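Note that the chains are named A, B, C and D in the order they appear, and that numbering of residues resets to 1 at the start of each chain.
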Amino acid sequence: MVNFGFLLGHYNYWAVVVLFLIGLYAMIVKKNLIKKFMGLNIMDTSIFLFYISMGDVEGGVSPIIAHGGGSDVIYVNPLPSVLILTAIVVAISTTALALSLIIKIYEEYGTLDSDRLVELM
Amino acid sequence: MTWASHLPIIVVLIPLLTAYITPMLGWMDKRICNPLVIVSTSFAFIASLLLARSVLTRGVISYHMGGFAPPFGIALVVDYFGAYMCIVISFLTLMAAIYSREYIAKELHESKTAPYYTLLMLMTGGMMGASVTGDLFNMFVFFEILSISSYALVAITGKKVAILASYKYLLLGAIGTSFTLVGIAYLYILTGTLNMADLSVRLASLYGVGRSSWTLLVALAFFMVGYSIKAALFPLHTWLPDAHSMAPSSISAVLSGILIKVGALALIRVLFNIFQPEFVVETIPVTSMISWMAAVAIIVGSLFAISQVDLKRMLAYSSVAHIGFIILGVGLATGYGTTGGILHIFNHAMAKGCLFLCAGAIIYKTGLRNIDDLAGLGNKMPFTMAAFTIAALSMIGIPPTAGFISKFYLGLGALETGTWSGWVFIGAILLGSLLTAIFYMRVINNIYFKEPLHREDVQRDETPLGMLIPILILAGGCVIFGIFPRIPLSLAEPAAKLLLGI
Amino acid sequence: MIIISCLPVIALLSPLIGGIIAYQAGKISETARDLISIVAAIVSFIVIVAMVPTILNGNTIEYSFYYTAISTLPIAFRVGPFPLFLGLVISFAWILSAVYSHRYMERLHSRNRFCLFMSLTLSAVIGTLFAKNMFALFIFFEITLFTSYVLVIHEETPEAMAAGKKYLFLGLATGLVMFFGILLVYLQVGTLDLGKRGILDGVHGNILYVILFTLLVGALFKAGMFPLHVWLHSAHPIAPSPASAVLSGVVVKEGCYVMIRILYDIFGVNLLKTMLVSNWLVLLGGLSIFFGSAMAIRQHDLKTMLAYSTVSKVGYIFLGAALLTPTGLQGAMVQIFHHLLAKSALFFCAGALIYKAGIRDIDQMAGIGKKMPITMMVFTIAALSMIGVPPLVGFASKWYIVLGALEAGRPLAIGFGLVLMLSSLMNAIYFIPIIINAFFTGESEHGEHKEVRPDDVPLSMAVPMVILAIGIIVFGVLSATTSVVVIKPTVNAMMGL
Amino acid sequence: MKIIPSIFILFIGVMLAAAVAGMPEFGDPNSPANTHIVPYYRENSLEETGVTEIVTSIVVSYRGYDTFGEVTVIFTAGTGVIALLGRK
């Protein structure tokens, strides 16, 4: 019944799905603010992986045009790499801001436990 | 190639470049920041007006960044809606910038002045960029500029509660970002393009074809969730009341007035520019789904607002309700309805901007935040309170204020659908209007018709002129555009028609 | 012939601007403030008078602001005979009210605000009268709600705030219902113009009943008709007396006016006849007459009694209009004029009693007629007119309504005759004892007015009252003439005859 | 306590799985992503931008505007961090 070819043909994507869910789960369920953000980073990383995966081409080489490179050379798709460069920077920026917020929260409240914070608020 | 043809990029670059200069100048002398920002936003405002004029005369403008043709390079596409948003954004930011001069001097520590203005400009640039872009990924990037700067601005006062509010906002916002990123990836993997116009063409061939339509639907769902978080559409609004009430009032005005509307803009772009109206209205009824959500948002947001004691929190919940009005209008996907939704973006920006600025003025002068303590302010700050009243009436939708016109269009749009759900929607609109009246009239009654607790409360002590001017301009706008609504309608109507393809 | 003229706009703007100037002037001098607001009302009156010849010659005056509002729905004005004469009487009553309030208000607080919102209310009422389309009409209709709300809660006591809350929120809710009806009309026929009689002609089906119901809810709320009267008996008495007079005399008439426009201009007589709703509407009017009178009898507070009496009189107006016959409509119109004069006079009298003797209760009025003869004479004339005693104008109105009922058909006429007799009787039950008590009974021992010297109200309060009383008599005597000259042509025009 | 998040996660997982089911296979050279725009870059980027590395040419030329936005995002985050943690 199960089409293993289909499953295997998408194995990278399945990994991405699992990673995404782990990240999302951590983000929702974990009480520690830093762990929540680690969850977010896992989620983001899974998306990066996904972008890279979809750019891959069977037997492709990195997209650098060798001098006189013929048209028969297969390159991997460069566009997702470009997008992911930007997305990584965005994720880093968000994380930087989040961590500085967390530092402030710890200074002000003395705890990073989200339940405690709700009480203190 | 005259300079006028570069207007689409100019409106984005003015605030962003100002943002880059501000810290340098602020390092030399902090007093320069404010005039610089005011001048720059004024230019952005003028540029937006020129942009709108050229869109009105020459139709939709497509601007190729770096001269690369659209599917390969990034194209900026300014349609009526984009130009309209630019005007709203630059106008309200200008008001907030003028207001900030005196407000920020008291509210913020001196060392934060330069970062404040830098972030304000970045946020404006981000909103402008998101409004004029024709590229899906580019919109994501600009959304991040505006989101990250708004997270920082919410927390900029450094107050305990503000930091936590900002964290909450950031957490949800980051989830929204990730979701939209997934949506973009799915669309890209199906079509291989990121340009909105190209996407809409290439997606059209995929509707209902095999399993790839599943991916399509999931992508749509992820976009909806992601941008609904940014737009604070119920039930994803939970970050909004904290963030908007804890931010400095000038920022609250911008956040509530336009930032969430940019989220609505993204929703509109995804629904009508990327996915075609026929698909989202008929094939799968996404629009009617978000309309239902918006109708619930109107009622629930208003009910929550009624139960608030803190003035700014009440205003924040009112924003939840009014983003519902906007999204409802969009989701109706009829000529009148979508026009009403788009028109309400402008009307709500003015009214809610004015209200938040007034709330800021009250806090500035008296330090009061609690609605029950506001007695006697009608005599103490007559102009501010008059502006507050006008803006509140506009929120309720009392003629001849601007809110009435958007209510009229939304109502017509709901009836125009001709279905029973249209009758439910108009019920929600009217009930929402009545509920809005309940909580705004409570404030107005407190201001004018209640004995103040202390004698000194009735001494005349008006808001400083620098803060009063933007308040009065916005309140005046609420009335003027209620009597002369054709001015915003001249852009809103073609915008809706173009989006819906009618 | 249509004549483009900005006179309606001036009539509308002069109280608006005058009120704002008066508000500012009031910070310096109270007399100047009152003078300015009186002058503003007089200007408005004169402007309306200036339109009379044009209208009597069979022309219409129009004015519209281009670029206002939405494409097919400009904020525009059109003055025909009916709005004109109603406007004439209203602005005249307003002058009297402004004169009256000069002395009356001096014991109350926030006088500047009161003056401002009186003027704004006048402005909004005139806007409602002269509106060309339902859109503009609704705009002014809603503004009236807000401006009159401030008048209702003027005292700022908890009771006043509660009454105001009821008034405002019910008004908003019913206004929204009416708004819904307007949207329905606009979507059905694409116009809201009130000029063509029966713009809904050609629309079929149940939607018509929905539209009729929703539109009438808004209008009848403002008019204080029976099921929607719940705010009236608390809001009108609690306001200061000059405000009660204009609320009961004018703002309620605004609701009646809108009701008539809905019935005759949006639906039209023919359509209403095919809809077969006339009898139900007449029944509603009859209920209102009964209920208002019955409740009035039970009251001890004079102003509350007068407020309930308003509910009953609005029933007459509605009933007359709902008969859908020319004479019935004529009766309704005369009743509008009559009630405007008489109820204003009665509330002025009630105000005078409060001002001079501190009396609010009917039982305390024994013997007051000897001390305040002018007040009580005016009261008597107005009350007799309310009961429908012949030479007075109230009789004329009832007479026409009866005739209208006869035109509509025999069963209706008999039924209505009964209603009329009963309600006249009820009116007599609650008015006559007061009069007898005031003039022919000795002073009651618990009256608060013992120390009142035997003098009457000041001149500035007496004159408006007397003018109104004279008006009641004169129009009653001349009712045949006025109805031929003024009302009959108007009615014919509205009926499309 | 953790049941509701789990159900939510499961729901998202099902959606993601459905989406994966509709995607072209991993590494498929004929997928739309690999055939629509990318060939243009392969053929024209060298002469239009003069850069042999296609990724670089896209980053700085074709999608240079995105990169400008990306720099701005970093700038934003930097300003934000300064605003939050900067000297008191």
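Rule of thumb we're sticking to: a contact is a pair of C-beta atoms (placed from the backbone, for glycine too) under 8 Å apart; a residue touches a chain by one contact, two chains touch by 3 or more.
This structure is a prediction, so every number in the text was calculated from the model and none was measured.
In this view the innermost chain, defined by its CA centroid being closest to the centroid of all protein CA atoms, is B. Between the Cα centres of subunit B and subunit C there is a gap of 44 Å. Centre-to-centre separation between subunit C and subunit D, using Cα means, comes to 69 Å. In whole angstrom, the spacing between the mean C-alpha positions of subunit A and subunit C is 71.
One finds 29 Å separating the Cα centroids of subunit A and subunit B. Annotation for subunit B: residues touching 2 or more other chains are 137, 141, 144, 148, 151-152, 155, 158, 163, 182, 188-189. Multi-chain contact residues of subunit D (touching two or more other chains): 16, 20-21, 23, 31, 33-34, 37-38, 41, 63, 66, 69-70, 73, 76-77, 80-81, 84.
Chain-to-chain contact here is organised irregularly, matching neither a line nor a ring nor a star, and falling short of all pairs touching. Here, these are the chain pairs in contact: A-B, A-D, B-C, B-D. By the touch rule above, subunit D contacts subunit B in their complex via residues 15-16, 18-24, 31-38, 40-41, 48, 61-66, 69-70, 72-73, 75-77, 79-84, 86-88.
Of all residues in subunit A, those touching subunit B in their complex are 20, 24, 27, 33, 36, 40, 43-44, 47, 50-51, 54, 79-80, 83, 86-87, 90, 93-94, 97-98, 101-102, 104-105, 108-109, 117, 121. Put simply, subunit B touches subunit D in their complex at residues 16, 19-20, 23, 65-66, 68, 71-74, 109, 111-112, 115-116, 118-119, 122, 125-126, 129, 135, 137-138, 141-142, 144-145, 148-149, 151-152, 155-156, 158, 163, 182, 186, 188-193, 202, 210-219, 221. Touching subunit C in their complex are the following residues of subunit B: 393, 396, 398-400, 404-405, 407-409, 411-412, 415-416, 426, 430, 433-434, 437-438, 441, 445, 449-451, 483-486, 489. Residue ranges of subunit A in contact with subunit D, taken from their complex: 6, 9-14, 17, 20-21, 24-25, 28-29, 53-58, 60, 63-67, 74-75, 77-83, 85-86, 89-90, 92-94, 96-97, 100-101, 103-104.
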